[in-house]
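Right after this note come the structures.
In the two assemblies presented below, chain A is common to both, partnered first by chain B and then by chain C.
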Partner chain A sequence: MRRRNVRHEVGALLLFPLPAVIIILVAQAFPVLYSLTMSFRDWALASSLTPGGFVGLANYVKAFHDTVFLHAFAVSLQFCVAATLLEVVLGFILAYFTMGESRALRVARTILILPMVIAPVANGTIWRMILNPQYGLLNAILSTFGARGPDWLGNPVLALVSVIAIDIWQWTPFAMVVFCAGLSLIPPELYDAAQVDGASRTRVLRSIVIPYLVPVIFIVLLFRIVDTFLVIDAIYTTTFGGPGFSTNVVTLYIYWQALRYFNISFGSALSWLISILTLATAFTLMRAQRRLQSSIWGVTQ
Partner chain B sequence: MRKAFGLILCLLCVATIGSFAAGKKEAATPASITFSVMASGTYDKAAASIKDSFKQSSGIDVTIAAFPWATLRQNNTTDLLTATGKYDIMSGSYYLADVYANFISLDEYIAKYKLGQGLLPGLMQKCEFYNGHQIGLPYGPDAYGILYRKDLFDQAGVQWPSTWAEFVSLLPKLKQIADANGMATLAFAGGAPEQAPALFFDKYDGYFITKDKKYQLQADKAVAALNMDRTLLSYMASDFMGLSIDDANARFLGGKALLLICWPSFVVAAADDPQKSQVVGKWALGKSFTPGRPWLSLWQMYISKYSKNPEAAFKWAVALINEQNDKSFYLTYGIGPEFSSTYQDAALAQQHAHQFAAQQYNFSVAANPPLSGEAQDYFASSLGDFALGKITAQQCVEQVNQKWATMTVPVGLIDDAQKTGQMQK
Partner chain C sequence: MMKERSRIYVSVRAIVVAIALVAVLVPFLYLFLNSVKIEREFRSIPPRIIPFVVTLQYYADIFGRGGQLGSYLLNSIIVTLVVVVVSVFTGALAAFGLAKLRRMYRFIALAVYLILLVRFYPKVVMLIPYFILMRDLHLLDTLAAVVIAHSSIGIPFVVWLMIGFYEEIPIELEESAMLDGCDVWRRFTRVIFPVVLPGIATAAIMTAILSWNEFLIASSVVSINAKTLPVLVSGYISDKGINWGPMSATSVVIIVPMFVFVLFTQKYLVRGLTFGAVKG
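Moving on, here comes the complex of A and B:
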């Protein structure tokens, strides 16, 4: 009798999350799985309102032969590596030097995280104005020193450097905030012990701070790698992929294929390729983190 | 039982009468439509200027949805392909070829409202057709052209050339004039990626579509056009790849460029306004050169098949396209006139002699390239790489032809290409 009551209660309790589960399935799982099935079919919405026939891996094969996609992938990779590394390093430096609870440091931290709260599209638009070769703030500042500012967004190399710099400006605060949280969790006794032992600041950094921050560093790396690889807003609002193809990144190309030209199947295939790649990167990073931590602490967390 | 049945019947009657009344009320509500247009500061403002008077005369309320060009194109396409029906009447041109099937035929309306009378000869024929039916109504025609400093040309005794070969051979002399006056020889919006094809179209008179209905550039003519472009690029302002349309125009208006390659409608009104220009009375629009077809921007209004008010939408088009607006929009906003009467107005013709003759000629030879949005975008980016010197003319043409071979030509554009001689014979 009692067992039946418990069963009845469990059944009733399971009903409570059901609406949420249904919403998640309908709103998230269905579109994701639908896009997967579309990637194996032939569907350009501009030609037909209904999906075409099964084409197997044709869309995936096409992606590997698409020179624009391959070039965009290379640009995304450059963007991702440069932006992530600089954001992690700068974020750590900023967090380390603004550690503490004094009023000045708190104000400094607040100011430093401001770029992160600006909408990315607004951020890109502001930067496009700052980087304007004729009327932009940056070249105006350079001209006060007698220097003639370059054409930031018109030169292919500088355009890529500029969009990377915009991403760094906006997202270094994210790394800083996470590092600040990580630093605050290091037990103060460790610093005291190091001081008693006469450890230098560099030694403290190398032997206490960095080992303790390994999980945090990997979290920041994971978020920034995924985010920079999927960047679109800063590029859409500043260079629109130009000049030529020089800042054309994969996400912009996928957006064009799927939502500008409505090549739904090809766009889906490209999206899945990139999703698989980012997932693989995430798993690799997580494994690397476990290995590194076990080599530092001798245990697997 | 009988009582209950009577009560239900009574309630049903009340509900029916109520719904009829509501229906009547709805029918009495003035029609409202939404017009999508480019936020150019010209077309959108012109539309907004007649909105109130149109509502007074017709009772139709028009919402003007203005967007930058790329967003307008995206929003129009998305609206049609998702059958949303948010925009009753849309602004666009040939790059909407992928979605022509979603526009209604305007043949009946054109006949009913006698639209088209008095328009420049051949203008209606340059509009878009689908399955033999006209789907676009022209407004704001413009042809890519070159504005030049006529005062400095006259001072140096230089005549406006008639062919590209003559123009190119004249460039060293023009550079001397520009240098002597402390200005750039050529200004162009190289920083607006979608503008890159303008330099090519006006020098290329080959085909875009082959006999077997595939996209392809005629290699020899395309390479020749690009090589000529290469020469032109060497005379551009050093920072031309960073100039937006407004930046390039501002350079000419500020007297800092001898020549401006541009959409004239974006600049001529300002160029004649002493408040905005330092070149008032000093400039002229050049007649386009041969060979080539200047890029035609024939803005058209299309009525969505999802519009609940196609008749109201057409009335709006009629209100926008008429002889009176043609003159006032030209004078106020610089929008290219499309009625013969505007060009025949003696006072206007005299006042705008530096522009009218060339403008009419340029319209007559200009053409829309028969390219879908995807084909044109790829072409524009490739031309960007060419302008940066990353690829040669030959490589550019090969690259474009290779990519274009994978794209399908929309049916509507094949008709266009045949009509305008841009298809392989």
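Moving on, here comes the complex of A and C:
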């Protein structure tokens, strides 16, 4: 009965997504598929105003021989692993320590999430000033201890460390709020039972809190792995890939290829390689998360 | 013994949270101080962190005739408002249809997952083709170009978020409206929509944050007239000199509205940030 009722409404229901679908097709599907076709052609704006002929997989093959791209890939991986790990660990610690409903804790949580909602350009502005070797806050603080601070964004190794730190500053709050939500979903009876059994705090953490949080950890990983691997904002607004190629991450390299050198085909091929990788990662993590969610929480969501 | 350990725990906890609060607040405070600090104090060695002389000159400059921040601010406000209205309206509508249809047809369930992919691919992919598209539509350097791009990123997010909210509504609510003879549209506007208002609020605020802060796509399709605030600030980046005053003041203008937003949205922030995957 209900089924039939819904069936005759399919036509009307199909109209609901129509405006959204049109916008997505025009502004997302078209550009993405256009770049796919471009990746099989030969088009560099510097030499021709119109796309050239089909070249098969040549652009993709070229990517694997491009040492700058391979280097950028390695930089992105380092950025991704270091930033994600630290954000997850710090985010968990902060969530665990700010658990509770007292006024002070609520205010603390509100303050701690602020970095996450500010514009990347503002974030870049703040950190370029703090890290400025001559007039910056960080080196001013170091000098009061008699230490001479380095040129944070001018040294290849320190620049990478710095941009990772900037990402951690901005995105640890994300891990924190997600963990806060996860912690609040743990049934209070479990804590009560643990208390009756006289379990220690670390025991509760190990046997109740962390196992219950596993699906939530996967959500944090899903978002942070993909976003740190594709990072561009924090770098575009501070080092712009430098000094040299030390902070040149893949997304920034694609930006250079496509929007500065106008190697449109090559840039498209690179972005498709990266897209396939991130989408596969996202898909794997989502599947794993769903499986864990239903096995641990025992509910289908 | 237990009490002893607990006291250590409490103090460790207080110290860690205090350090985190300082780490978050000091950069913001520093930005604010720089926006009211005169140039001589930036450049003194060692630099003066807390200004001796306070000036509002930079704010006067950026809003004044030379800076014209006002018109960029207006651009940003218009773009954000239109993006919020378009994304939330079309997204909430789409999600209602898709929430039902995806249970009936596998290909629609698949299409819903395809929408999710918009969140996880590098946005640099769309820059050139989108630029070409806007050029051919004669929309370069217009607010419409920015609005369409931001909406296309905002909508997938609203759809996912709202599907979650719709599925929490007990089916009986809609069934009783059905028995009263309400058609789909009336059920949506009269029965369902009022119930999911918290979801709508979450969606609106998250898309507002997205659009207000976004600069990469915006900067690729605007040049002069349609600049938004983030595009304006990104112009300071190539600047090697210490033009910190105006840069800080403009950044303060960008940041403050988002702080106000967070105060109102905290409750739903998690759900919004995770595409509805974690319910706070």
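List of remarks:
The rule is simple: the second predicted complex is superposed on the first by the 271 of 301 C-alpha atoms of A that agree within 3 Å, B and C clash if a C-alpha of one lies under 4 Å from a C-alpha of the other, contacts with A are read in each partner's own complex, and residues count from 1 in each chain.
In this text, a contact is a pair of C-beta atoms (placed from the backbone, for glycine too) under 8 Å apart; a residue touches a chain by one contact, two chains touch by 3 or more.
Worth saying up front: this structure is predicted, and the values here are computed from it rather than measured.
In the superposition on chain A, the chain among chain B and chain C reaching more residues of chain A is C.
In the superposition on chain A, A:261 makes contact with chain B only, while chain C stays out of contact range. Judged by the touch definition given at the top, the superposed model places A:79 against neither chain B nor chain C.
Once the two complexes are overlaid on the shared chain, A:154 sits against chain B while remaining clear of chain C. Looking at the shared chain after the overlay, A:241 reaches chain B, while chain C stays out of its contact range.
In the superposition on chain A, no contact is made by A:40 with either chain B or chain C. By the touch criterion defined above, A:134 reaches both chain B and chain C. Contacts of A:114 after superposition on the shared chain: chain C is touched, whereas chain B is not. Judged by the touch definition given at the top, the superposed model places A:126 against chain C, while chain B stays out of reach.
Where the contact sets of chain A with chain B and with chain C meet, they give residues 134-135, 240, 259.
Per the touch definition, chain B reaches chain A in the complex via residues 70, 74, 77-78, 81, 98-99, 190-191, 193, 238-243, 247, 250, 372-374, 377-378, 381-382, 384-388, 390, 399, 403, 408, 410.
Residues 5, 9, 13, 16-17, 20-21, 23-28, 30-31, 34, 42-43, 45-47, 49, 86, 89-91, 93-94, 96-98, 100-101, 104, 115, 117-118, 120-130, 132-133, 148-149, 151-153, 155-156, 159, 175, 178, 183-185, 188, 209, 212-213, 215-216, 220, 229-230, 233-234, 236-237, 242, 244, 247-248, 251, 254-255, 258-259, 261-263, 266, 269-271, 273-274, 277-280 of chain C are the ones that touch chain A when the two sit in their complex. Taken together, the chain A residues at the contact with chain C in this complex read 2, 5-7, 9-10, 12-21, 23-24, 26-28, 30-32, 34-35, 38, 93-94, 97-98, 108-122, 124-130, 134-137, 140, 143-144, 169, 174, 177-178, 180-182, 184-185, 201, 216, 219, 223, 226, 230, 232-233, 236-237, 240, 250-251, 254-255, 258-259, 264, 267-268, 271-272, 274-275, 278-279, 282, 289.
Against chain B, the residues of chain A that register as touching in their complex are 44-47, 67-68, 132-135, 151-156, 240-246, 248, 256, 259-263.
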